[in-house]
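Next come two complexes, and both contain subunit A; in the first it sits with subunit B, in the second with subunit C.
Up next is the complex of A and B:
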């Protein structure tokens, strides 16, 4: 699904942060959301390409899609039920 | 959600080895962000990382600095346990340590490790 079709509830700007801070910021932001909400995460740490999907899988959240915009990796995550 | 998992991370490297001192905090941050309970155990020179003002001086190129990692671990509820004889040898008392750091002995470390899902040692 293209990003333009998904409305992010909240955006986390983790650009410039190194491991593990992108997922730390993502986890903090996700706690404030309700199931079904979509979080957009922007990161420049190359490790986040592996880290964010793994984090989503282990915490019961859903990675809807990710793509690269220049130096920035953009992730769209949907908060899972009962998380 | 599955039952909460618990990770014990034993740290033995101090400020003189910033990379090996930083990686355990990175793992702790990743675990806490993933809703895994974290207990960090500091032994030998790693005790010095728990001395007030020291974490802020530890930085390894390419890694998040300890001055940012430590408060993150504290904020996310990671437990900080520091080895009693290791502190004694270095003249450290609880008053010298960062907020929340607790001086404990072998029995407590063993209890934490045996009740953990996994243990990492650095």
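Up next is the complex of A and C:
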């Protein structure tokens, strides 16, 4: 696993939660950030692999990268200017 | 006087210089279209009708409504007929699931339909579903309703069915609005996304 150099401003731990809660928690956390901030989301919901990128696309936030660490999916999202 | 006869194409070519390739034009058109879609209020509005009053059918409208709101959409859910159960103060008692006439429901052992109609089978199925959902850490209906309100989802009770069933405004959870078909349609006609559940 390549070591990521991007520093997250805030981390959302949505492990153990199922749809729609990982997205709800991500959206709530993102609301508090300013454009350019990076949000790290940790989830174990397999649906989040499709849902987090889709959510980022429809909300104007950028998915920088995602990878799997054991059971956990880790997403790095950069807050956009807002659609 | 500036050349008023210039067509939009020549004006654009002059501004962008001679290096404007077909690829550039495609990219500009694509980004303009994306911007137009993003600006369109219709793509940022979701309206959902919740018409069923069982525990299994309470989930889809609330999951989709909370996700739509979390995706930045103005979201309303119109509760009509048995869907009123979902926003009734007593929703935890009212929302049940019935195994009768529901061959898709997984049961510990296969049972003929007449057995599923016996007293006690409904509560058993309801208990099973609640335990299964809790075990998998799916949010409860109470949590989803709280999340919906927190995300400013409009919860609208159908006034006509309330009158038919004899419900009063105070029978419903806090924050519920009351309206009819015309009010729902006025909202739905602005939305590209309208679901009937």
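By definition in this document, the second predicted complex is superposed on the first by the 78 of 83 C-alpha atoms of A that agree within 3 Å, B and C clash if a C-alpha of one lies under 4 Å from a C-alpha of the other, contacts with A are read in each partner's own complex, and residues count from 1 in each chain.
Simple rule for what comes next: contacts are C-beta pairs under 8 Å (C-beta built on N, C-alpha and C of every residue); 3 or more make two chains touch, one makes a residue touch a chain.
Just so we're clear, the structure is a prediction, and the values are computed from it rather than from any experiment.
Looking at the shared chain after the overlay, A:19 reaches both subunit B and subunit C. By the document's definition of touching, neither partner reaches A:52: not subunit B, not subunit C. In the superposed pair of complexes, A:27 makes contact with subunit B and with subunit C alike.
In the three-chain superposition model, subunit A touches both subunit B and subunit C at residues 17-21, 23-24, 26-27, 55, 58-60, 83.
On the side of subunit B, the complex with subunit A involves touching residues 1, 26-27, 29-30, 32-35, 62-64, 68, 72, 76. Across the complex, subunit A meets subunit C through its residues 16-21, 23-24, 26-28, 55, 58-60, 83. Contact residues of subunit A toward subunit B in the complex are 17-21, 23-24, 26-27, 51, 55, 58-60, 82-83.
The touching residues of subunit C, when paired with subunit A in their complex, are 38, 44, 63-64, 66-67, 70-72, 136-139, 144, 147, 151.
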